[in-house]
Each structure stands twice: as C-alpha cells, then as structure tokens.
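Report on the following structure.
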Amino acid sequence: MTDMPMSNPVSGATKGTLMQPDARTRRRNAAEKRFRIYGATAIGIAVLALVVLLFTIFRDGSGAFRQTYLAIPVELNAQVLDPKGNRDPGEMSKVLTLGYGKVLDAAVEATVARENIQIEGLTEAEIKGLISKDASAQVRSRVLADPELVGQTIEVDVLANGRVDGYFKGRVTLASAERDNNTSPQQLMLADELRDRGLMVTRFNWHFLSNPDASDQRPEAAGVGVAILGSLYMMLVVLFLAVPIGVAASIYLEEFAPKNRWTDVIEVNISNLAAVPSIVFGILGLAAFINFAGLPQSAPIVGGLVLTLMTLPTIIISTRAALKAVPPSIRDAALGVGASKMQSVFHHVLPLAMPGILTGTIIGLAQALGETAPLLLIGMVAFVKNFPASPPEGLFDPASALPVQIYNWTQRSDPAFIERASGAIIVLLIFLFCMNLLAIYLRRKFERRW
Amino acid sequence: MYDMNRVENAVSQTDIKIAARGVQVYYGDKHALKDVDVDILDKTVTAFIGPSGCGKSTFLRCINRMNDTIPIARVEGKIALDGEDIYDRRVDPVQLRAKIGMVFQKPNPFPKSIYDNVAYGPRIHGLSRNRAELDEIVEKALRGAALWNEVKDRLQEPGTGLSGGQQQRLCIARAVATAPEVLLMDEPCSALDPIATGQVEELIDQLREQFSVVIVTHSMQQAARVSQKTAFFHLGNLVEYGETDDIFTKPQDSRTEAYISGRIG
Amino acid sequence: MPLSWALFASLLLAFAGYLLGRSRAFAAAGPDVRQLHSRPTYHGASVALTALMPALAVLAIASILRMAGVITAEAGTIVGLIALAASVLGLGWAATRIGRDFQARNAVERIVLGLLIMCSLIAILTTAGIVLSLLFETGRFFQVYDWKTFFFGTEWTPRFQGNSQLGILPLLWGTLYISFIALIVSVPVGLFAAIYMSEYASKRVRSFAKPAIEVLAGIPTIVYGLFALVVVGPMLRDYFAQPLQLGNSASSVLTAGLVMGIMLIPFVSSLSDDIINAVPQSLRDGALGLGSTPSETIRQVVLPAALPGIVGAVLLAASRAIGETMIVVLGAGAAAQLGLNPFEAMTTITVKIVSQLTGDSDFNSPETLVAFALGLTLFIITLALNVVALYIVRKYREQYE
C-alpha cells in the first residue's frame, strides 16, 4: 500500500461481496442496536414514570370523591335546641354544636338499638364515634336555616367518621383498627352491620368540591371549595395584569425598541427572570407586597401579584415569538398604504399574532395555577374555613389555593388527608388538562403557515 | 415491472460499474423518478443534468441509498453495483456507502480538525492498523484532493476555518480517504466561486483515473467540461443518455435540445 | 374609599373628554373631514388620555407614598381631590389644543409608546425589586449575625429562644447532593429520549411518547412532591434502605433526587431536542454518506457539534434543580447535615427558606432574617448558572444560523 503511485492514494476498503456483512460491520451494527435500545429505554423510563405517577395519584385520590354517610332519623329535641321555645334563629344560634352533638349521639344510639345490633365489647363511645365530629355542625346549620324543624324528627344523612369511611374504601382494616386509638374492630363491625341494613352507604361526594377545609380531626368533611375559589381569584389577577403588561412589553421590545445596549439589558434580564427559582418570587412578594406595601397575608391579590411577576417572562417570551412569526411583508404592506408604525402593529401584526399569544398565555396561566412555593411564603398556607367574598373586595380576604391546599394536607398526621391531597391533585390536573387542551385547540384552529 | 435479464446483460460487460433498471422513486404520493434505466461506466465521469426538480439528485441519492434516511421515500427497481443488487435485503447500507462515497452540495466539514475530518471514514471502517498508516491515508487523500500543500502545516486546526473552496476539497478528500469505488457528487460547486470551481473541476478530472465519478450539476458548461457521459433528466424521466459530446452537439430528443438551448430550465 | 371614587370620576371625565375632543375636531374640520391632520377619534382619544394620565399619576404616587408611610390613609380625600383637579386641568388644556393642524394621532401614539415602554420596564423593576429586597433584608441579617459564621459554619440548629447556629454549608451540601442525583437521572434519560425521538422513533412511538413527555413537563411540582412522599420514599426505604441497613427514613437525598430527576427529564429532553435539531442536516448527511451507522453519526458528529448547547442545557437543568422547592420540602427531610449516605434525610436551602418564613416568628430575629440571606445565596447561584448557560446556548445557536 505504501509504495502505490499517487494516482491511487488508498487501497479499496472492502473488496468482498455486499451480500454478507463483514465482521467489522456486524460489530458496528450490534453497537447500533445497543444504542437504539438505550434510547428506547430512556423513552420507556419517562413513559413509565408518568404512568406510575398518574396511577398512584388516581388510586389514592379517587376515594376523595366518594364518601360514607349514615342515614338516621334525628329527633330534634326542642328542650335542648330551643330552650326558650320561640323559634328565634338569633337565640337558637346560642346553642353550640355541642348541643346538636348530644341530639345526634342519641339518634345514633337509638338507631343501633332499634336495629337490634349485638356486637360483643361494643362501647357507647364507639357507637357515638361512628359519625363525624362535623355532623353536628351540619345539622345545626340546617336547623338554623329552618327553625320550624325543631321538635320534629327528620331523616338526616350524616357524615360517617373518617376511619369508618376509610374502612369502606379499604384504607382501614380490622387489623389496623386493633392498633388505632381512634377506632376499634367492634366499631367497624357495627359499620358493616349498618351497611348490610342499607343505612350506611358510600356514594359520590360533591361536597369535596364545594366544602372548605376542615380541621385535623375531620378529614371526612374537608373539601377544596375555598382553594378552588382562591386559585380562581389569583388567575383573574394574573389574567388582568400579566396579559396586558406582557403583551405591551413584547410589542415594545419586538416592534419599537431600538437595538442598543439598554434593550439588550432588558432582554437578557427577561430571559434570566424566566429562570429565577419560583421561591425567590415568594420572597419578593413577602418583602415588597406584605412587609413594605402592607397588603394582607393569605390574600389572593398578593398571590396573584406574585404569580403575575412570575408569569410575565413566560408570556413575554411566547408573545415575542408569536410577533416574530408574522412576516415583515405584512408590516411593509400596512406602512405602504400610509399607516403609521403604531397602526400597522395594532391593526395588522397583533391580530395575526393573537393565536400564538393566546396559546402562550394559557400555558403561562397553567404554570401559575400549579405553582406552590411562592404562595407558601405569603401566608396562603394558613387554615382558611370561610369563603372569600366576591371580587374586588374578596381579593383581599384570606383564601387558600389548590396547590397550597394539597401541601397543607400532606402535613397533617391523619392518613385520610393523603386521600384528600391526591383528590385535590386530580382536580388540579383536570383544570390543567382543560387549559392545555384549549391551548392545543387554539393552536390547531389558527395554525397559519406563511 | 423491470426485466431481470437486462441487469444480467448489463453486468456482463466488465466496464459497467453501476447498472440501474426500472428505478422508481416516490416521496409520499409524489412520483419523483419514473422508470430509469442507466449504466454507469467505471473510471468515467458521468454528469446528470436537467432543470431543478427533475429527479437528478433523487437518482444520485438512490445509488448509495441515502434516500433510506428520508422516511417518506420509497424506491422500487434494481440498482446493481458490480452485479449485486444494492437494494437486496441482505445488503447493509453502511457497508455500501463505504464503497460509494458522496460529496454534497454545500461543503459540510465536521466541526473537528482537518486531520480528523479526513481520518473519519478510515477510522469507522477500520482501514488502518496504526497511527502511521492513518497518517499516510490522510496525507494521500489530501494530496489526491489537491489540498495537501495548503493545509499540511495546520492539520490540527478546525476544518470549518477553511475557505469555501478548501472546505469542499476537504470534503472530497474525506470521501476519497474511505477508498470508494464510486464517488457521487451532488452539485459540488454550486456554493463555490469561479476559482474554487475550477480547482474542483480539475480535481474531478484527476479522480476519474481511480474510480467512477457521478456528478449532478445545474451548469451545462460544467457538464461539458468535466464529463464523458451525460444523462438528461426532465420531470422525473431519464430523457437521454449518451456521450457528452453527442448530447451537447446533436441531441436526439426535442426536450434535451430545448434545455440545452436554454428554452426550458 | 375616596380613591376609587376619584378614579371612577376621572374615568368619566376621560370619556367626556373623548366625546368633547371628537366633536370639536368635527367642528374644526368644517364640511370636509380631510382638512384635519388626524382623524377625529384620535383627537377624542388624545383629550381622554390627557385627562386620565395626570389623575392616574397622582393616584399612583399617592399609593407609593402611603406604602412608604409618608402619608396616612386619612389623606385619601385630599389626594382624590388633587387627582380630580389634575384630570380637569388636563382635559381643559387638551381641549384647547384641538384644531386642523393639531397632530392628534402622533400625540396619542407618543402616549401609547410611553405606556408600552413602562410595561417593558416592569421586568427590570421586578429584578430590581428582587435584588433590593434580598439585599436589604440580608443586610439586616448580617447586622445581627456574623457573616463568616453564616457562610462557613458547618452547623444549622435554629432555636427560637435565640443563640442559633446558622451555617449555610450543610444546606448547600444537601442542595448540591440532591441536584447532582437529579442530574444523574435526568441528563442521560432526557438526552437519550431526545435522541431517540428525533433520530429513530417511528411515527407511532412518537405519537404517544412525545405527548407523554409533554404531560410530564406540565405536572406541577407539588404533585411530584406528593409522589415522593407517598410512593418513592416508602418504596426506597422498604426495599433498599432497610434491607441494606442504610437508614430508616422515607425522606432521603435519593428520594428527592430521583423524583426531581423525573421532573427534569422533559426539561432536559426538550432543550436537547432543540439543540440536536439545530445541528445542520448536512453534517448528518456527510457522516452517513461516508458509511457511518446512525449511532456513529450521532456520537461522533452530532453530539460533539452540539456539545456546547448540551452543556448549556445541563447548566439550566442544574439551576432548576437547585431552585426547586416542593419536591425537596416533601421528599428530602428537614435534617441539616453533612453526610454521604444517600438514604439519609438531608435538607436544602429552599426547604429552610420555607420553614424559616412560614413559622409565626418575629420578623426581626436572625432565625427569620436568615431566610433572606439564604434566598440571596440561592438567587446568586442560579443567576450565575443561568447567565453562563444562556450565553453558551446563544453563542451555540448563532454558530448555526
């Protein structure tokens, strides 16, 4: 090979037939196959992670949408509930839930006695503990709404205790009840008996979506109502602030800004802001809006402002991309018929970029909806049981937010709250799914190729 | 659809390097190449000419199965290299492409040193046992591409730092280093200035001594300058194929004549 | 609420100004509207804006003064009156300007442009706000706590009765350790997923894998946090840590790192996808034309060409991992320690920011203020990573444009 003339610089690589791969090719093809397998494995890992994640969330969370109720006749004893006997709601409201608790205890005991259920070792406390501590509050608010009920015997569906509910959902077993201070095997057997008689049923639980949060001892009464409303308020703030500001800033930067060092600074600043950890925005919110501006803690307005600042870079980046995608010929055409630069942008470029802007906006809102960390710092993690008023005043009332409510429930000791947290995640994911679906729909519908 | 005997007949002549019979190419629904028969001779420069979109580049990419990399492309018919069908199921396109090298329209040196660019092919195909042999292959390939004297002192510098003409000659050296039997060139001068074009054309003429060269060009002058055989494609058909001199002086087909005289294209 | 009344009144004034401006413009034009420089609506708009802007400016300045404590809430009525007066003055002045040659469109456009510029300055203001609030509160922290002990202390034991040890090193170590594990998981998986998706996957595989990865990207971090808490943590403890006698905690470095790695897969994969696709097809063709297999093309040509971009992507992913909060809050634990065992609970900067700022503690104590120093450290680290990464990625993009 070395002494070949220059006219033939190198010898042939493979002179053999093409029909049989040589050893080297076989080796290289094996490496090729291995490489492909690595790639497929990576995809497999990602898809598997998603499937396991969603599966466990739905497995743990679907229980939150079903709840166990006990149907019992309750004799609303007038002596206890309305000692003065004039059915005045103002006076009756002096009777606290404790009084209604007594009435309910009696009703449960009467039912067990009437149904003639005999279980060895069943104590009175276990019978009374069958129903939720929240049940008395439910009955109380029903009576206060309709004072004429006092003295009558009404059929009530009262919430069952969280442990009994967990028993029907498979979370609590007779074995685990043995070690549990809050329930006992006897109580669960009683529940079984009541279910066999059709008095205790587990059914779909709308209250999960409408109830406010409940205290540590009453997981069965907790719902995401306040959290949904709080999240909605914050999204309104983001929508009304981040979108106009973001679009205006993008229009300036993309269409009007001179290309100089100053606009470079703004640009670099925006792309960096998009990558600042969300918790830093929480610190900003705490320092600027609460400590400096004196806005109230836990208020949706503060959450909304923080999320606005956080979402702005995302919206600006996607809006600028949408504006950039409008070809210069459109601008030239408008300028050519004597429109001012401003007119060409607002009359022609902006409408054409609208679908892209909308898509980016929805994705930014979806991000904001799922954000948790900054909201923890501005006090949204507080326990809120009252619904905020309607906006605009309601924006300053304490409220929760879906992701923060989820975090809140993960910090409680009763495992029933994990079910609630997973249920709230399902709600959150459904919202996000709908938003993304809308974004995809808009993108498809208005997709334009120049 | 195609006649097996035609292939057998074709390869019985020893100077035929590539024999194509009944080649059809579809891109999705588009019928890009229609029933092309052609014999490409060894140690000859064959030019494919025709207006853009006529199928000449498509056919070129069939010869080393580069169309495999386009998911929607479908090739029918038979192309034989030394009598072996390259579209046979047993043929490994990787091995095939080691024998049929390719130079592209735009110079595309890898973002590596000049040396590593040329050594890339020999390395992946295992053409050298040690560094000294590899050095030798690289030097010969660069000399063969008339680039050695310009780059011998800066072999470790990036190939992307060369001028356009040098980059294209580097790409030719890279293809030559793999020791192909056929070299396919897809408009190799379209991105070059006239001086660089002249250098590459001179090089093509030298390469003909070692192997068969197939060049796609949009310039009729170039085809006339470098090739011995010319094939004219039009709307996916091979209209005319023959000696370059004949094609340019006495075309048989009216479409060829129209193209050469500048009425279509 | 005198201020909202003032706002409402000036809005009314602006509307009246619009009608007034328009009718005066029509009057000035006479029978032929083309005599005017600008269309009558622009005249109306210019009057409306000149009436509204001074009032808004007064109200804005007043609310800033109010926040800064210069004026009290009682001054609201006076502020409202000043705002109204400014609005009326603006309206009167603008109305007199209307005439045939008044360039109303240009005047309106100047105001609109000013508004656009103000909006784009909000991004700068946000950064300034972050930096100022962090610096200010960190300054207060260093007045009550020695900065050397903070930056070089190896112990983190906050006590509410005071005399706390607040060294950042254990937190920094936990942060880096967890981020490292997250990158070990996400970079190879994300990179290979991107390669497979862009170079190999059939249409069918792509049609379900691509949306799946996008869904993974859209899941909020609190969901990943709960996943770490309920699934991954107990699983690692029961099947690995306890049998191997390495620990008894479900919250651990590995739990948080693994889950964070899963969270980062789509991030790494979409960045890598962009970067790999930016490598020109001609380079791939060149390698394939020489007889490379697809994997050789990727490993020897595409990846080396894309290397700077991929380094940038990894840095961005690292910055994300370091700043991630909810997964570590729920998955990593609260014990600040300098250990190597990945099955032990450790804690991070972000976890401690949350825990120091969500308690009901005094806003002047070092235990609370330290959160701002932690925040500043976090901000500087992630900012440095982002600046470098974005610079590299930008340079890389320009190379192939």
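Chains: A, B and C, in written order; residue numbering restarts at 1 for each.
The rule is short, and it goes like this: a contact is a pair of C-beta atoms (placed from the backbone, for glycine too) under 8 Å apart; a residue touches a chain by one contact, two chains touch by 3 or more.
None of these values were measured; they are calculated from a predicted model.
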item: Pair of chains whose C-beta contact count is the highest in the structure; value: A-C
item: Innermost chain, taking as reference the mean of every protein Cα atom displayed; value: C
item: Cα-centroid distance, subunit A relative to subunit C, in whole angstrom; value: 20
item: Subunit B-subunit C separation of Cα centroids, rounded to whole Å; value: 52
item: Subunit A-subunit B separation of Cα centroids, rounded to whole Å; value: 60
item: Sites on subunit A at which at least two other chains make contact; value: 28-29
item: For subunit C, residues that touch 2 or more chains besides their own; value: 293, 296
item: Subunit B: positions in contact with at least two other chains; value: 94-96, 98, 124-125, 178
item: Of subunit C, residues touching subunit B in the complex; value: 203, 280, 282-293, 296, 300-301, 304-305
item: Sites on subunit A touched by subunit B in the complex; value: 1-2, 6-14, 17-22, 24-25, 28-29
item: For the subunit A and subunit C complex, residues of the former touching the latter; value: 28-29, 31-32, 35-36, 38-43, 45-47, 49-50, 52-53, 56-57, 60, 244-246, 248-249, 251-253, 256-257, 265-266, 268-273, 275-284, 286-288, 291-294, 309, 312-313, 316, 340, 342, 366, 369-373, 376-377, 379, 381, 403, 406-407, 410, 418, 421-422, 425, 428-429, 432, 436
item: For the subunit B and subunit A complex, residues of the former touching the latter; value: 81, 84, 86, 88, 90-92, 94-96, 98-99, 122, 124-127, 133, 136-137, 140-141, 143-144, 176-181, 206, 209-210
item: Complex contacts: residues of subunit B adjacent to subunit C; value: 64, 66, 69, 71, 94-98, 101-104, 106, 108-112, 120-121, 124-125, 171, 174-175, 178, 184
